[in-house]
Each structure stands twice: as C-alpha cells, then as structure tokens.
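Naming follows writing order (A, B, C and D), and every chain is counted from residue 1.
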Amino acid sequence: VILPPLTRHLGLDELQAAAAAVLPVGSAEFLETGARGELTVRANVAAWSSWWLRPRVLVDVAEVSTASTVLDLPVRVPILVAPMSLQRVAHPDGESGVARAVAAREGLMIVSMGTSTPIEELAAILGRRWWMQLYLLSDRDLTASIARRAASLGAGALVLTVDAPRVGTQSRPRDGFRYPDGVSDVLVDPTAWTIGSDRRLTWDEVHWLQDQVDIPVILKGILHPDDAARAADDGVRAIVVSNHGGRVLDGTLPTALALPAVTEAVGGRLEVYVDGGIRRGADVLRALALGARAVLLGRPVLWGLALGGSEGAGEVLDLLAEELDTDAALCGVADVAQVPHDLVERI
Amino acid sequence: VILPPLTRHLGLDELQAAAAAVLPVGSAEFLETGARGELTVRANVAAWSSWWLRPRVLVDVAEVSTASTVLDLPVRVPILVAPMSLQRVAHPDGESGVARAVAAREGLMIVSMGTSTPIEELAAILGRRWWMQLYLLSDRDLTASIARRAASLGAGALVLTVDAPRVGTQSRPRDGFRYPDGVSDVLVDPTAWTIGSDRRLTWDEVHWLQDQVDIPVILKGILHPDDAARAADDGVRAIVVSNHGGRVLDGTLPTALALPAVTEAVGGRLEVYVDGGIRRGADVLRALALGARAVLLGRPVLWGLALGGSEGAGEVLDLLAEELDTDAALCGVADVAQVPHDLVERI
Amino acid sequence: VILPPLTRHLGLDELQAAAAAVLPVGSAEFLETGARGELTVRANVAAWSSWWLRPRVLVDVAEVSTASTVLDLPVRVPILVAPMSLQRVAHPDGESGVARAVAAREGLMIVSMGTSTPIEELAAILGRRWWMQLYLLSDRDLTASIARRAASLGAGALVLTVDAPRVGTQSRPRDGFRYPDGVSDVLVDPTAWTIGSDRRLTWDEVHWLQDQVDIPVILKGILHPDDAARAADDGVRAIVVSNHGGRVLDGTLPTALALPAVTEAVGGRLEVYVDGGIRRGADVLRALALGARAVLLGRPVLWGLALGGSEGAGEVLDLLAEELDTDAALCGVADVAQVPHDLVERI
Amino acid sequence: VILPPLTRHLGLDELQAAAAAVLPVGSAEFLETGARGELTVRANVAAWSSWWLRPRVLVDVAEVSTASTVLDLPVRVPILVAPMSLQRVAHPDGESGVARAVAAREGLMIVSMGTSTPIEELAAILGRRWWMQLYLLSDRDLTASIARRAASLGAGALVLTVDAPRVGTQSRPRDGFRYPDGVSDVLVDPTAWTIGSDRRLTWDEVHWLQDQVDIPVILKGILHPDDAARAADDGVRAIVVSNHGGRVLDGTLPTALALPAVTEAVGGRLEVYVDGGIRRGADVLRALALGARAVLLGRPVLWGLALGGSEGAGEVLDLLAEELDTDAALCGVADVAQVPHDLVERI
C-alpha cells in the first residue's frame, strides 16, 4: 500500500488534496480545473449522491460478480480509465504506469490523443486492453494515420470526442503550468493542435472516421437523448455520456442527471458508458442502475498516479473495485451486470 | 435527574457531544461512526424534520394514551431500544443498566448478539420484555443454539438482521478503539464473528431460523417495498425499516423517506417498526403517521448510558416519552396508536 | 422617528437584535424563544419569501387603498396586533402603549388574556378597536367572567386559542427571566394558569364559550383544512391560521404554506387571518394573495415597543403599512382587499 | 486590454468587487443596491444557472452566427445595453464612453432618461443604434418633448418603464452618495423627477405616448404573461421581461423563471427581451433558449466603465460576446437566432 492510509476510509476524494500537495501548482491546476465558474465540475460529483440507494435484502450475495464486457472485451470490473492527456505531468510513470496498472487488473485504458508516451509502448503493455481516443484534427490525414496506427497496434475501438468542437476556457489561470522536462505530446505536434480549425465535426465526419478503420468508432460527449438515438440509428456501437469532466462547457447538466434519458432513448441498441464525478463504488452502482454498462474514471486515477506512480494508480482502481464489490453485496446485487433500475431514487 | 440540565430544552441531540466528551476517543467513534462518507447518518436525522406537522385542534386530548403493543406485548410507549453491541463500552452498567431502565418503564429491549453481558442476566431483569437480535453466522449451529437459548430464556422474538450480508466500512478510523478492560463479546467468540463467511442469507435461511424456534422471527433492515411485501407473503409477523443507522451502506435512502412505500406495500399485514435518526418525540409521531407501529431508539440510549449509566439511559427514554406525550396532545392525537396519515406533509 | 434609522432600509428584522440589546437577557428570550429546536420559528419567516411576486403593470395605482374590514370593523390597513402576554416586560408603556399606537392608526389590537394592564384601561383607549384573546382555563367560571367582562367593555370578538391544549416547551432556558418590578398578570392569577388542567378543549367548549357572549368567537391556531371547514360548518365567523409563532409545537407547517389549503377549504364562508413570520409589507401582500383577509403582527410590535415605547410600536406599524402601500402599488394592486391569487408563485 | 487579467477566466462577476474598489462608497452603492432585502438582486443571478445546458453535438459549428436583429436593426450580438442613469458617476467617460463602445461593436444602447450626457452628443455617436428610455413624468409635456426630441435625433424606439409607478426603497443607505462635481441629470431637472406624482400609468398612457411619436414604444418591466399577451393584443412590438434589476420591488420572480411563461403567452407576436442577472455568455444562450430575442446588460457595463472608461465598457461587451460565441459552438448552436428550447432544463 502506497497511498495515504486514511483513504481506505474516506474514499477517493481525500486523494485530491494529497495529490495537489505533491505537484507544482500549475500541474495540479492542469489536472483539476474546469471551464469558467466550474459549476459542472462540482455538480458532477454531487449529482451522484442525489440518487439514494434502496437496497434489496435476502438475496444470495455470497459471491458478487463484478465482471462485465465492453464491446465484447471481458473486464474484471466495469470501470475503465478515461482518456487524459499528458499523464507524465502527474508522475514520471505517466501513461505506461497507468497501463501497467490497468493490464494487471484486466481492465481497459482509453489512451488520449494527447498522450505523452508512444502508443507502441502502451500497446505492448496493454495488448488488446485499450482504445484510442481521438479529436478530429484539421489535419485529416494526421487524424486518419493515428487512427490506423492505433488499430494496427491492437486498439479495440476509437473513441471520438464530440463535445469539444472548440477548446473551452478553464476558470483558473494555467500561467504557472510548464511541461515538465522531457514531457511532451508525442502523437500530435503542438502546432498541429488546431482542433477543428475548420471546426466542422458532424455525422459525416463520424462516418469518414469509421471508414478509415475496421474497429468501431465510439462517440464520447453525448448528453442529449436525441443525439444518442441518432447514434443508435447510425449503427454506432457505444457512446459515452460525458460533459468532458466540466472542462469544456460550464453549466452542462451533470452526467448523473443526463444519463437516464439517454439510456431510455437508446433502449439497449448500443452500449452506454458514463463519466464525470465518479468517486465511490456506490456511484458505479448508481450509474449501472441508471442504464450504463460501465463508467470511465478520470481525475482520481491521476491523483493515485501523482501520489504513487503506477502502484498508486492501481490502488485507486483497487479501492473503487473493492467498494463496488462490497456495496453491490450490501445492495443485494449479486451480478453488477444486472443492476435493477429501482435500486436508485431521487426523492 | 442526572443528565445535563439543558437537555430538557434542546433535546437528545445535545447529549451527543456531551457523551463524546466523557468517553475515550475510540469509544466515542465506535458509537458514532457510519459507513464511508456518512451521508446516510446525517440524512437519517434530517429527513424526519422534512415532514412538517399539520396538527388537528379541538380534539379531546385531556388524556393522551401512548400505550401500544408490539407483537401483542403491551408497551407504555412505542419506543423500543434498538440492538447495539458492547454497551459496556459506553458505561460499566452496560446492557444490564439499559435493561433495568427498560424494565422499569415497561418497554422492550432488543438485545444485540454482540452483547457484553450474558443474556441470562438480562432475561432476569427483563422478564418477557426483550427480543434477541441475531446475525446469521457461518456457524449455523452456534446461531441456532443462541436462538434457542434466547427463546428458552423468555425472549419474545428473534430479530434477524438482514441488511448486513457483509460488514460495512466505517468512515473514521477505529484505530483508537480498544475494548475496555473486562469488556468482551459474551455470546460469540471474536473468531466466530465471520458473519456470512459463506454469506448466503436468503429467504431460505429465514425459514431455517424460524424452524429452530417457536417465537416469531422479525426481519430488520428492509427498505424496499417489494421485500416488505414478500415478508408479508411469507408470514413474517414484523419488520424493521432500517438502514442500520447508516453504519453499513452509505447512501441508502433515509428511513423517514423509505417508510411510506413500505407501509403502503404491506397494507397492515405485518407490523412495521422503524429506526434511524429519531431524536424528538415529534419524530416518533411522524413515524407513526407514516404507518410505523413503533420506533427503535439507538445511539441516544447509549449517550444517556455514557453520561449517567442506567439512570441516564432511563432519562433519555423518559425525555422522549414526555416529548411524545406533549407533542401528541399538541397535534390533537389522543391515542398514539391512531395517528392519522395526514398529520405530516412534505411541501 | 424614534427607531434606529437603518430600519427604514432593512426592515423589521433589523429591530430584533436592537431590541434584544436593550432588554435583560431573560426578557429578550421571553420574547423570542420558540418550542424545542425552533424549526418553525425560523421556517415561518423564510416561507413567506418562498412565494415569489409576479406583479401586474399598467394598472392605475395612483391611489392605493389599504383599507379593509375585519368582522365589519373598518381598519386602515389589514394588519392587526397579535395577542401577546405581559407587554410591560418589553417596556413600561406595555399594553397601553400598544393600544395608543393602534387606536391612533385605526387598527385593531387583540388583547392577551395574559395582559399586564387592566382591560378597562385598554378599552378606554381602544373603544371598539380590540378583541379579547382567551385560553380555556380549567376554571370555567373565571373564563366566562373574563369573556363577559371583555364583551361589556366593547371588545368586538373573543379570540379563543385552540392550538395550546398544553403549554409547549421553549428551547432556550428562561431561567434568567424575572417579572420586572410591578409587572404581573392582571386577569389571571398565576395559580389559575392551569390551562387545560382537565385539558378538554373541543368543539363543545367552543359552543359553550359562544353561549356566554353576544360577540363572535374566533378560533386562533388552525392549520388543517378540515378543521377550517368544520369551523365554517359550525358558523364560526373567522379563524386565524397560526402555529402560535412556533412557541408551542415545533415542526408545524409554516403558516405561509398552510394558508392556501385552508382558504380553499373554507371558500369564503368565513374570514381567514394569518400570523407567523410576517416581517415585510410584501409578506402581507403574499398573505392576502393566498386568501387571508388580514394578518396579525406579533414580535415586531414588541421590538418597537422595547425600543421606543408606544411611539416605537407605532413606528413599526407605520413602517409595515408604508411598505404594504408601496409594494401594493408596485405589484399593480390598487386595492389590497382585492389581491389576485396569481400575484404569488412558488417555483 | 485594460480590465484586470483574471476576468477572462472568472467572468464578469469578478469585476463587481474591482469596480467597487475604485469608486467612492456612495457611488458603488448607487450602482449595486437593490430594493429592501435584495432577495431579487441575488436571485436574478442565481436563477440563470438553475437552467442546466444539454448541448447537441456533431452539428456544424465551424462558423457561429451571433448576429440578430432587434426591431429590424441588425446587431452583431443580441446583447443590448440596459438603460442606466448617471453613468458619469461610474467614470468621466459616462454615457459617451458607453456609446462609443456600443457603436464600435454594432450594438444598441438604451439611453436612460436620467442620462448625465446630452442625448444630442450620444445620438452623434450612436447614429441609429440607440433607443430612448422614458418614465412617464407627471409633467406630460416634458415627457412628450423628450420623446419627440429623441425620435428626431434618430432613436429607433422609446422604452417606457412600466414597473416603477413609484420609486422603490433601496436596502442600503445612500447617505454617502453625492453627485460627483459636474455630474447631473441633463434631461430632467431634479425637481421634475416626480415620477407618477399623479401615478397614473395605464394602457391609456401607453397609447398616449405612442401617439406622440412615429417610432415604436416598447414596454420594459413585464413579468406576468397576461400583461405580455395584452401588449401583443394592443400592437406593442416588443417588451422587456424585467424586474428592474431588483431595484424597485424586492421579492419579484427572477427574470430567468418569469421568462418562459411570457414567451409562451405571446407566441411570437412581439419581440421579447430580458434583463437581470446576466453574467455569462451561457446566460445569454439560456435566455434565447427560453424564447428571448435579446438580453439587456446592465451593471456589468458600469463595472467595466468604472474600471476602464469607454474601453473597459467595451471589453465587458467583448468578453460576453466571446463567451456567447464559444459556448454557442459548444452547445451545437450554429446560429444564436435559432436556439432550441430543449437546450435548457431545470432538473
């Protein structure tokens, strides 16, 4: 155990301040800041708790199965690592460290297009346990080449971020932020980060991207049920209900409140994942009760990474998995792939 | 009068800090802590006040009857003592002290399986005024023998805890907690506390336990109306709507909000009791208005015990009974066994 | 102008602390305390503001009429002085001072049975501008004699308090409270304050009291619409929606939330007044919009009395009347006897 | 850039304290204070955020059009400058400075009847980019002459304030407020500010005013849908949903909550603008989603003016326009004249 001991009682939230304490101010802000007034950053976390649990009892929970699959890939727990750029800012172990933690736990890592580690190195660690996140760059050739390179390295899917046609504005200055020595984007030269410089990102571009590869293209950043339904109509196999962790557009609906209408709209025609504010095993249960198939965990993984490198990131994943296992049992849920809708209620 | 004088004005909540001040830190935390973030510990208390009272007037309340029965046993007020382990941690009087307070007031004590006083000693004090709480231990023989022993000693019912198939995780460390000298579990050896090590606790086990004894088996820890309806269908005679005082699973619905759906689901086919966050006589009225037949009082009894031994525990019971008597009259309720549903409203 | 100058900007609430500062602690607590946890004391004030105003415009409000009648008595503004005992505790001017302020403003004073000034003295000041509040004492003869004495002195109505079949318990100690020299109950000897010692106070007793006098008996302390409807059925001419200022039963519905169901239930068959937490002219408008014919003002009158004797009490009444006049105009209400229901909304 | 640098991250709210720091106390209070308890001042700001955004994705937002028209006048962004008196109190640049900022940005300024700069000077700067706000003075001839003078100078509309038949009472004292040297009302002599001394302001007076000029008369200060419908019935071409920034009547519904019923009632028959508490580009989007055609920006313009004169006021307008452009794109809104209703939700 490398993380501070209290965390096993107080949960992941306690790691936030601990991580900030070991990082330069600019790096900590790079991890934490959200768009403008950070209403959504805070609301994301709070909204999960607004769903109260109403457990079932006298169910056989001698063995709880937390196993699930995402796009047919078996995972030990339905907790994926969200795409986050420049992980070597948090710790020299960076993306490799997170990848080792994920691989050892039979999880899945979504590698950010802004990775500070070559994807060949990550693919060697992760095997098939990774997906590749992409923005649609103005340079379509570069976008396509990264997509094909990831596919050829074994990525199981592309995760196209659709909620950031422009870069949002963080509320706190990042003036103190400097790339640590030797840390840089390795896939995209800083001068090529003209995301959407023509800024056209429509369903046509989704189809274009899908045409570049044989692996599925997942859409990340959907909040409106009509967009979810359109994705299902278009044959998209999975979407991520996300507001980009509150980093792009402030004031968006917290994902815990957006999720139910989305899962209802798609009616099981595609897989729905969700991220934003997940801090407790019970939050994972809430997400599953509301129709998600898995959650993406973001900032807490970097807190663990900052505090303990690969081992710290792994302990964060373990802690959440243990909470999920225990709280599932206490909710009378023997199989987290079968969480009933009426486990949760806002009242 | 042994309790601090202000308590007669500010109510039981004021005793919490007073009790903590006279106990070692670890012992106070043993009494107070809840699971994880303690959302439910706090919500339990707050939820009762969210039900506003709408009193009736010009009713004859010259005499208020607070008398009721629980499973045909007459009690002077419908306030039972909840099962709590290791009461000698709070005060050397321990379970015997609470038992004396209960017997003198014609109440009912639910003795915890984790009692630090032999049940023979308690039975001698309580006569028929006690029920025996049980966990289903992995050691079924031990479980059955305790059940039969309690029945033979005059316990009126077994209270099977069904909401803790696993032990929850308290939010605050109990590292400071040491059993005071001479205090220990007397029914279950610490090594046998492998509650649910096979962790199978289903309706089959309820029936198995009922087969061991001639006294009724009550289920404690039901929040979902479907579980309550199933209990009624299976011939269970009483249930306790409870989230274990927020000590097992954090984020569960406060009992004051779970209760109405449960009482509606059972439609009078079994007796419903409730615990969690009861601090005022008016909270008892609220519970009765929402369909409960009685409440269980937990932590406040131990605060009184810590502050004044048996006499302190008794004063806590008296204080709540006096508040109930006065507030019933002020609500136009002449018989607390007949509290109308429309006495309370959330608005 | 005798009151602190800021009050003309910040409203009556500002007077509370100012009054407490000029009184002995016990006297200030005697004025302010409520039952138990004082939930209702606070909620009474807050609930009025939960009704937002939706003004009408382009109405002719060149002249606003605030005049109304209560039981056919014309009053300049529909703001009556609530019955409050022992007003000489607040200031030597006591009830006489309040009476002079009321008479000069063509208002109405409800004289408390616990008056510290003889009612003959008050009647001489008030003429017909007073009603007599009564509790039903165990000593029925005394009750009847006070009722008849008040009627013969010109009281326009009896106001029977029906929400205190027992005395509530104030949350803060009154140990510091001593009757100031020369202050005492003048109608009821302290030994006779055995309110409801037989505690039978039902509709029969209402009828009995009505049989003692030729003036109407008003019921004060109704919150439930069924009780209001029963009053109308029984020929009662007016009721006061009240929770006794939160001094008797804590946790009762704030009057601003109880009022709408009551006025709907009586459908204009009797006059409805309301008290509890009125602090602003706009609160009076809200009460009228919700169906009340007038409000009773309590504690703020005593704050004014404490700070400036009769003149101070009068300034409080003036301040609220001025706010009512101004805010009525700003709401497009030319006649406060005709406030439309849709002026207010909870949203 | 003349404004403090952090504002580009934290938004306009940050300017409030900065502006207060550079002004005399009385002047700052003149800008900020609201009526009585300032409930509405605060609620106006908070209510916008209670509408969560539910963005659409995969829309072509390569180019966002913020252009719109108000009464057929093209504006670059649908953000108008609200009428505010005595702008030279904030900065010597005063109304001229604001006018230069507005003209340079192809916006629209509503000039207050309480202007401290002659309207001839403003008309010379603004061309047709201004409307003239009026109160109905008791001196009808003066009112009519100002109206005609404005029309002849090129004002595109008269904006009649209908929500202030009387002057409200600010909560904080303005005793410290003195007109800075050389600052005064230039249209209305202080002795003529007997707004509504006969206080008759009805639909008749609206028609009378309309008869004085050939430009449209807009009504500012409507909150009730029935008044909005009446305006449409009477041929009024535009209204402003406003509670006068909370400066006149405290407790009025926040405009963000009043707006939906108004736009529904008029069904597109007239143009609806809204003011009160707009601080973010996303607030503008929310207003447009709820059916407004444009917003009026008030206090923030004066904060910018106080901090940087004309240039500061212009930067405030730029900042809000930039936020609107970015957040529209992030919401999937390519044309702010076409914001779908379901972009926002209270949940």
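In this section, a contact is a pair of C-beta atoms (placed from the backbone, for glycine too) under 8 Å apart; a residue touches a chain by one contact, two chains touch by 3 or more.
In this text, all values refer to a predicted model and were calculated from it rather than measured experimentally.
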| item | value |
| --- | --- |
| Interface sides of chain A and chain B: same vs different residues, half threshold | different |
| Separation of mean Cα positions, chain C and chain B [Å, integer] | 42 |
| Chain centre separation (chain A, chain C; CA means) in Å | 60 |
| Two or more partner chains touched - positions in chain A | none |
| Touch-based graph of the chains, sorted into line, ring, star, complete or other | ring |
| Touching pairs among all chains present in the structure | A-B, A-D, B-C, C-D |
| Chain D residues within the chain A interface of the complex | 5-6, 8-11, 49, 52-63, 280, 282, 323, 326-327, 329-332, 342, 345, 347 |
| Chain B to chain A touching residues, read off their complex | 36-37, 39, 162-166, 168-173, 196, 198-203, 205-206, 219, 221-224, 226-227, 230, 248-254, 257-258 |
